[in-house]
Structures are given as structure tokens and as C-alpha cells.
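All chains are identified by letter, namely A, B, C and D, in their written order; residue positions are counted from 1 within each chain.
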Amino acid sequence: MVDRLLGRHGSDQGHTDDPVSAVWAHVQEARNLKRPHTLELLKAMADEFVELHGDRVFGDDSAIVTGFARISGRRVVVLGFQKGQDTEENIRRNFGLPHPEGYRKAMRIMDLAERYAMPVLTFVDVQGAFPGAAAEERGIAEAIASSIGMMTRLRTPIVVVITGEGGSGGALGLAVGDTIVALENSIYSVISPEGCATILWRSGEHSHEAAVAMKVTAGEQQEMGIVDIVIPEPGEGAHTDPAETARRIREVVLERFDALGRVPLDELVEARFRKFRVMGPYIVADRPVAPPERTGIADRLRGLLSSRPSMPGMKRDVPPGREEV
Amino acid sequence: MVDRLLGRHGSDQGHTDDPVSAVWAHVQEARNLKRPHTLELLKAMADEFVELHGDRVFGDDSAIVTGFARISGRRVVVLGFQKGQDTEENIRRNFGLPHPEGYRKAMRIMDLAERYAMPVLTFVDVQGAFPGAAAEERGIAEAIASSIGMMTRLRTPIVVVITGEGGSGGALGLAVGDTIVALENSIYSVISPEGCATILWRSGEHSHEAAVAMKVTAGEQQEMGIVDIVIPEPGEGAHTDPAETARRIREVVLERFDALGRVPLDELVEARFRKFRVMGPYIVADRPVAPPERTGIADRLRGLLSSRPSMPGMKRDVPPGREEV
Amino acid sequence: MPVRLPFRPRRDTYPPDLWTKCPGCAEMLFNKQLDKTLRVCPNCGHHFRISAKARIEQLVDGGSFVERDADLTPVDALGFVDLKAYPDRLMAAQLATGLRDAAMWGLAAMGSKPISMCVMDFGFIGGSMGSVVGEKVARAGEAAIAERIPLLIVSSSGGARMQEGTYSLMQLAKTMSVVERVKAARVPFISVMTDPTTGGVFASFAAVGDVNLAEPNALIRFAGDRVSAGTIGEELPPEYALAEFWMSHGFVDRIVPRAKLRDEIITLLGFLVAPSNGHAESAPSPTSRPRSFLNALTGALSSDGNGDQNRGEAGNG
Amino acid sequence: MPVRLPFRPRRDTYPPDLWTKCPGCAEMLFNKQLDKTLRVCPNCGHHFRISAKARIEQLVDGGSFVERDADLTPVDALGFVDLKAYPDRLMAAQLATGLRDAAMWGLAAMGSKPISMCVMDFGFIGGSMGSVVGEKVARAGEAAIAERIPLLIVSSSGGARMQEGTYSLMQLAKTMSVVERVKAARVPFISVMTDPTTGGVFASFAAVGDVNLAEPNALIRFAGDRVSAGTIGEELPPEYALAEFWMSHGFVDRIVPRAKLRDEIITLLGFLVAPSNGHAESAPSPTSRPRSFLNALTGALSSDGNGDQNRGEAGNG
């Protein structure tokens, strides 16, 4: 799949003739500040948008926008991360890094979506939750956990669109849904490549390798079964034609809402539960690891090697399991 | 009823030979810092108490204590205002003046009460919510409103005990229940007598008259139908025999929980709804007030005087309606 | 909880003469002109307080408001006397406003959508909430549930009415008990906070709308100036507790200038009310049932619009 | 989200020798003595990290733990290689701990009350949560629902496991989807946060117990030191993000020294579990139904306690 990336970006990026550079170019494209954010996409996609503010507890987080939109006549609740267009707006929006109030606002509006039978559309583009003390001490962890939990059980269709960076728990806080869509040049990862490199390689300089190792690109995430649909981007990327990007997103989202809207709510919520309940592969070994006191290394290795793969967590393409496990 | 107060307090208070002084002596007794607070009463009443902390949003308010208690073998959720016993504790507990976090903590614990089928016992003794900016801007109004609302629908029995000052919305935030009990020397009012005097008399010096006018004493509140049960205090007041005070409260509370526990939950919640839904007297006039442009004062007075009393809101003793209304 | 506000001159509310001085910019404004701008200063945008009646006229589809329970009248249950007797205050307020108490409720249409609404009137004893105001809020909520139509409450109040003692305090519980049922029934509730929305009104229904709107610069607070100053002695900035403050603190969804208020509410109703034609937009609320009010309202509108003739519940209950 | 912690020496977790130096007070402690004090320094109260197995032994009624799904084994789905290959890290951790991954789950009794429990093991790749850990948490929750017995989770984790990429991230959704069902079923959930509880574990099940307990001085945080320092450059006080900090910020109900943890959990279970004898203490939960697990557990305990023999669901489902 790196070849596919090479094919797309070979013309306008340097050093894309090796896989690592190709992936890193993809990461940089996902982070391109000129890519359209939630409000820009909405402006192109929606006939009407009424933003709603405030978590009814502490504040209003401008890094997450929420509201009611009408898209092709359909009432939709929209939640999305919002980076700024310029320095002033970036400061006001905290560079798109949300505090707990953003997730709590989103939960309040999701409750309205459920109560008034509006489907939910989320736009995900966030490096991660704000990592500072103000977010930590007001419970960013609790807010993300609760928002994830609420989305697993919300009784209305949810379509998630990853438009740029899908970074860590901060992204997942708005990224649980019935269908996970991603723009072609977006990324999705458990930790930023830089953070991963700092911890595992003990140096941020290895972030390119970390990005490759974590398989962060939209296409790889689709192959892993995390992303359901990848939307090709127009021209040299979403930022080169935001209107066409919005049109493509709208088309997919409306088709999904039509399809999901036909599923009875009980089935819809049960299917969403199953989707996330089975995420992540594992195998069932023949017998448990023996306690280290009683067995020799050779015995233990034999026990480990005799494991039989079963992977109940895999829904589609099973990734190549390494046989030495 | 002022005579009743005179009879009780004539011996140990000065100037109780006039009604205003008698009521003011009652107010002072209700505010006596030596009266037992939630934790002192619990210590005497309960076999076991596990305090729970935190609103899971912002903080832990020491002016409101919450937890699980076992009273005569019965599992009970307890919520109560807590003033300090000394200066240091008073500072830590913000002199018993709660912030929004206190009510949000209480709501969280009430949810546990409903889910795990524990009745709720609240102890009310608060001058009012903390009137400073920190409480205001974190939504003390929203927190009180939500707590009141939650208590009107909570699916478990609730017994409220007003032990000292029942001050304004700050008190009502924990004072909606199936049975409202009050210690004899407690008070309950929509605003502190001082606040009322400042606004209506334009001087805090008239707080004594305001206390009389608002009928703040437990006995008067019972006659008005706000308080259901008044518990006589031992000796010269609750502070002179906290153990006996706790014993009397426990007896009433357990009887109430027994009785309320026999009522099916749907009926219990419906009865509680009705109790508060009909609070407050009014009359239905024969015809609406004519617009000022069209009618003379004489006509309007006639219209007003011809009102017929109906007072659907009064449950028990109808207070003496003034005929000129 | 009921608080003394930094009252602007009472005559702003019901100006008796041709000219009004704007407290925002000190400009003298011609009243007829001011009425045309919905009593918003064309110079500085100051929003004057307006009566419940004027508010209703500004908001609803022309002539669609059908008042209910205009005959609910307060009583002096406590025999309350401060510098004046409560009955005298009531009578003065009734004569000045033509209302029996500080709120009006009824059924109306906005953008042809039926709603149940309650509007408070600050000109009646500072819009304070006693038993009648609480009752009207409660009945508006119950009608919204019965008819499955949205609830709109426009607040303008100094708080609970001291002269009715703890009965006034209990209106917080009375109104919230109904608001909880409105929410449980999945009936939309839009709360509009106008200047001022304070004390027990802010600490009950006004704070908990599905959507909370506020007029620009409206004073919204729980604790009053005197209460704060007396107890705490804090110095507060001038923008403290105004509408914009509450939006940044997370308790107001949108600040809406009066000229846009009607349109914005209609827009919100368009989202909060699922379309009634059966196309599969999304799964309906499990508790939804057919609405009959629109027919009832049409009938009512063809009568003379006198609320007394419509005291019974319209529709199928 | 998985963060680099200020790791104490790895040997604290599984000390290979007779003596351990206390990182709290620098005292040299005799390991056998330390085991008697539940691996709490008798001198300064420092709580050493302990293995899942030791934790379970300290908490549950003697011999009552029946492990389930000990055979769940991680796979290297991404072919992940950093300075080491992921399979090599896994094998090293498996050899060191005797576990296949960083959590154990099973059924047990505490104070004779049946519970479903899951305990994380920091010694296994920093207690990081990949697909197996998420699966065990989820299965523990599902067993709690099926048996209508309380769920106890003891967390000790550096966060999500990077080597499993977004599969690890998805464990937040997997575990929370089950926790939401636990709550909907009115099944009690006690979360115990021990040193450290960070990253994606704090941002999922660990934060949302009906009751959140924490061991003294446990480090609990979402964003790691390096993440914070790199992005924000804030200076943080030493008590930042320790258990006591979280209690004052409203996210931890109680801080419980290890010596009291078992008793306190039993006390809480006494409140959260309605007595099964039918006396009219209070109205029962509408969803409650008879419990069968106690019988099943009794049966299991009379066997040899090998989890493999109890892989099927006990009870009536």
C-alpha cells in the first residue's frame, strides 16, 4: 500500500521513492493546515448550520464545534474538531486541542440528537486532547471515556469522518460510530508518531519509522478494519479543492445515513456495539503460560509456539500474524 | 404559633416577651453553631458511614458530604450540608456554603441510590449557596436547578431533614423529598431575613421583622404545608443533647423509610411529583384584568374584588387569604 | 435568592412619555421609533426591557397567541407586610400592567409550528416568581407534553417573590418537576433569558433548556450584588454575569439580538421538531404520538382569540 | 496516549533478590517482611507496585479466584518493530511474568460475595492495554452482567500498547461499550486505580467506576510528562496527578491504603449489592433477577481451581 501512496504523491513530494518518506509525506499532508476543517466543510456541505455552545458545567471549548445542520434537507447533529485559519483564530481555538468542556458539550448535543431523532455526523481532525494541566485536572480522561461510552450506545445513527489527523483518545472521543469514513490523506493512530518514537525509540527523530510501524495511513487503517470507507481526495489533496472534497464527503455521508436510517434502532445500536466489541486480534493458546518458577524456558517456548490462531476480533482482512508468537 | 415559641424559649432567652424577639431568638437558635451537623448526627445515628467524594467534573465540595450509611441495618444514601466545628474546619468547608460541585456530587450519588435501590436521606442546614464569583461562574444556578429536578423524579424514597437553616435555593437543592422533616428550632425561608430586609425594607436592620413576615419557623412552615413533620428538640435545643436529637431523627426517618418503602415506586414518584406540583396557593378570578387602556380603576377594582378563592395548590390548612386581593 | 438588581429607572419598562433616554448611550430616543426597532436602541444596541405582551407580539405568528389561565391570581397567604402590604403591591402592579401576575402563558404558532409558551413580565413586581408564575410555567410545560409541541419560556425576573415566602421557593421545585417531565417526554424546550434573569428563576427552568438563548448584555445571575458584596466583598468586573459571560462559561448556547430572535427560534424549532411527513429521515422518538394541537389552534384562531374561551385543554389530551 | 512514565527501577515490580530499596525513604527493606506488609514500606508507607497475582491474593477470599481465559494471547498484527520486535518484547514479558498478557480476569468472592474481577499487571510491558487486555476487561464486564455480580477492575497501566497501533486505541471503545452495558444493567462497578494508571486506561474504564478508589500516591494521569513538557512546557508541582490531587479534583471517591483495600471493597459491596433476603428494605431494581453464580462458584471452588475447566459461562446466562 505504500506503492499506492507513492503513486499518488510521487509527483509533488521529495524523497517519496522510499516507503518511509512516502508515509511521512502522507502524515504531513494529513497535517496540512490548509486542509478544510469542520466549519469550512460544513459551509460547503450544509444548507444551514446553527452552532450550539457550552457544556452547562464549566465553559465553551472552541476547539470542538457542535450544532444542528441541514444537509440536503436532512436534519443532522454535527460535532467536529476545529483548528484555526490564522494565528488569531488558532489562539482562540487553542490550536484545535480540546479541553474536557469540548467533549462534555459534544455529549450534551449528542443527547439532543438521540432525543430529537437526528443522526450524528462527526469530523475528526485533532492531534490529541490538550495535554496541559488545565485539561488534565478538569478531567480530560473522564470526559473522553464518557464520550466514547456514550457513542457506543447512542440511539441514533453516527457517521464519523476522519478528515486529517485522528490522534489518540482525543480523536476517539468523537470517533465511535456506525460507519468510519476517512479522507484518503488522513491518518489515524494511537499516539502521534513523534510520541511513539520518543517512547519506543527514545528519540523523536525516529518519528518517520514510528509512522510506518503504526500503519497510520487511511488506507492501512481500512485494511486493518478500523476505517470502513476511504474517500479519494481531489487534485493534489483536499486543500487544493475543498468544495469537491466536501461534495465527496456529503455524497458518502448521505448514502450512509440513508442506509443506517433504514436499520431499526435496536439493531443499529447492537451492530455498533458488536463492531467495537470485537476490535483487535488475539489468539487462544492451547494452554496457559506456565508459572516461571515451575517450567524451563524450553517448555515455555514450546507452549507458546503451539498456540493456534483464532482471532475472533478480526472482522475483515486478517492482518498477517507473526508465527513466532 | 408565636406563643408556642414563647413558651419554649421564654426561660432562656432575653426579650422573648414580644413576638418579633421570639422569632428572632428562634432564628438564632437555628443558626447556633453548636447544633449537630450532618456528620455529627450520622455518627450518632448510623452504624457505618462511607463518605464518597467528587463530582467527576471539577472538584470535591467539602460543604456537602455524601456517602453510604447503614442505619439500623438499612442501607441509606446520605447527603448533607456540613459546617465546620472550628475555624480551621470552617475554612476548609467554606463555612458550609456550597459550590456547584457539591450539588453535582450529590446528583452523582443520588444516581447510585436509584440504581442500587437505596433510599436517600438528606440533612439540610445551609445559609444558602456560596454567593461568590467562583460558584456563580461554574453554574451554581444550573447545579441547583438540576439537583432539584433530579429529586422530583428520583426513583427511590427521599426523606429530608431540616436541622438548622433551610436557606433559599441552596437548601432546596437537597430538600425535595417524599417527607420533609424539620427539627423544631430550624427555619426555612426563600431568602435570609437579612437579605429580605435589605431588599424590602431597604435596610438589614429590619431582619427581625422580615423573619416574622416570612414565617420562617419550622412550626409555621408545617402550618403552611411545606414541612410535614416537626421533631421536638430535647432540653434547651438540639445542641444541648445531640445524641437524643439524633435518636429522635432516626426514629422518624426509619418509620418514614418503612412506610415509603411499601409504596410501589411508580406511585411514590407520582405522589412526590404531585406534592411539589401543587405547592403554593392562588385563586382563579372571575375574569381577567382588563387592559389598563380600556377600563377605569373602579372597574378594575371591582373585577379584582370579585375573585373567587379556589386554591387548588393548598393541601392542608389554607392560610388566611387576604380578602382585598 | 430574590435579589435586588441594579434597577434601571422603572419608566424604561413602561415609558409613560414620548421620549426615552437610552441607558446605554444616553441618546434620547423617540418611543414610536423605538417600538419599531423592537425597543432596541438603534444607536448603541441597548435592549430595553419589554412587557410580556410586547414580547409575545414580537415572537409569534401574527394573532396566533391564545392566552390560557389569564385569570390565575395571587393571594397573600402569609399576610405579608414590609414597607407596603403585599396586596397593595399586587394591586399597583396589576393596575400598571393589566396583568394579574408576572407571567402570561398560552399556545401560539411560530413559523406555522405550534408551541406552548410562557413569558415573564419584569414590570410586575420585578418579574418575581410566586405561586401564580410557577403555576403558569408548569401549565405551559404540561400543555407542551400533552400536545407534544415545543415549550418556549422567555424569562425576565428578579427571582423568587419574597412576599409569598417559601411558597415562592417551592416554585423552583414545581417548575423543575414539570421540566423533568418535559424532558422525559422528549418534548423540546427552548429557554430565552432576557434582562434580567436572576435568582430562583435562573436556578430553575431558565438554566436548563435544551437550547438556552440570551439577549445581548442581559444580566443573568443567581446571587445578587448585595448578597455577594455583603457576604464575600468581591469586586466584580462590569461584564460579570452578562449574557456573553455565560456563553463563555458554558451556560448559554447562543446570544441573539432581539431583531433575530423570532427567526432563530423558528430555525431551532425546525431542527428540534421532527418533520411530520413520514419519510425515513431518522427513527422517530419511541414516545411520539400524533399531534392534534395544530387543528385545535386553527379552531381557536377562528374564534375571537379570547383566552377565556379556551380554558379547557385543546386537543386529545 | 500511552505515556512514558517516570519509571521506578523495574526490579521493584519483581524484585529478584532478598532486599529492596524503598524509593520513598531509601530504606533497605527485607523482601519477606515487605510481602507481609502487602509490599507497603513499613517506614514511609510507600506502596510498591505488585503483580496481578499478588493483588488478587491480597484482595479476594482465600482460594476463591477462578481465572478465566488465561489462554488469550496477543498477536503481532502490525509486524511492529522498534528497537526490538514486538514478539520479542511479548516473549520476554511472558517469561518474566508467567502471564500471556498484562491482565488477569476471573470470578472470585470477597467477604463471601461473588464478584467478577480484572486486574492489570504493570510488569507486563508496563501494563499496557492491547487487544488481549481490552478483551479481558470486556469479558469481566460481560460476566458481571450475565451473573448480576459486581465488577471490580484494578488498574495499573502506562496506557494503550503502541505496538498494536489503533487496535489498542480501539480497546478504549471496546471496554467502554461493555462498561456502558454494565451500568445500564445496574451492575455495580468499582474501579481501583493503583500506581500508575495513565493514558488510555485512565481515559476509559478506570475513570468511570460507580466508586473510584485509589491507592495513596498513585500516579494517575492522561497526558504523560514528555507529552506535556514537549507540547506545553508547563512546570508541574510534585503532587501533580497523584491520587490525592484527583480526590480534590473530584475524580476519586476515596484514597485507600493497601492494608485497608480489601475491607473497604467488601464494605462498599455491602452497600452496592442489595440484600438477597426478601425483607422490604427498599424497592428492588426493576432489572434484578436471581443470582446463580454463588452456586456456580461454590462448584468451581470444589474443583482444582484451574481456570481452563471453567471457560464456559457459569450460571443461567
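The rule is short, and it goes like this: contacts are C-beta pairs under 8 Å (C-beta built on N, C-alpha and C of every residue); 3 or more make two chains touch, one makes a residue touch a chain.
As the structure is a computational prediction, the values presented were derived from the model and not from experiment.
Common neighbours of subunit A and subunit D, by the contact definition above: B.
The distance from the centre of subunit C to the centre of subunit D, each centre being the mean of the chain's C-alpha atoms, comes to 51 Å.
A separation of 43 Å divides the Cα centre of subunit A from that of subunit C. Between subunit B and subunit C, the centres computed from C-alpha atoms are 27 Å apart. Residue positions of subunit D touching 2 or more other chains, listed in rising order: 208, 249-251.
Those residues of subunit A in touch with two or more other chains are numbered 56-58, 138-139, 142.
Chain contacts here follow an irregular pattern that is not a line, a ring, a star or a complete set.
Contact between chains, per the stated criterion, is found for A-B, A-C, A-D, B-C, B-D. In the complex of the two chains, the subunit C residues touching subunit A come out as 183, 186, 188, 208, 210-212, 247-254, 264, 267-268, 270-275, 280-285.
Contact residues on subunit B toward subunit D in their complex (touch as defined above): 48, 50-60, 68, 70, 74-75, 101, 105, 112, 115-119, 155-157, 257-258, 261-262, 264-265, 268. Listing the residues of subunit A that touch subunit D in their complex gives 128-129, 131-133, 135-142, 144-146, 148-153, 168-169, 172, 176, 188-191, 194-196, 198-202, 204, 206, 209-210, 213-216, 221, 224, 226, 273, 276-293, 297, 300-301, 304, 307, 309, 311, 313, 319-322, 324-325. Note for the complex: subunit D touches subunit A at residues 1-4, 70-83, 86-87, 90-91, 94-100, 130-132, 134-135, 138, 160-174, 176-181, 184, 199-200, 202-208, 221-224, 226-228, 230-232, 234, 236, 240-241, 245, 249-251, 307-308. Those residues of subunit A whose C-beta lies close enough to touch subunit B in the complex are 56-58, 100, 104, 138-139, 142.
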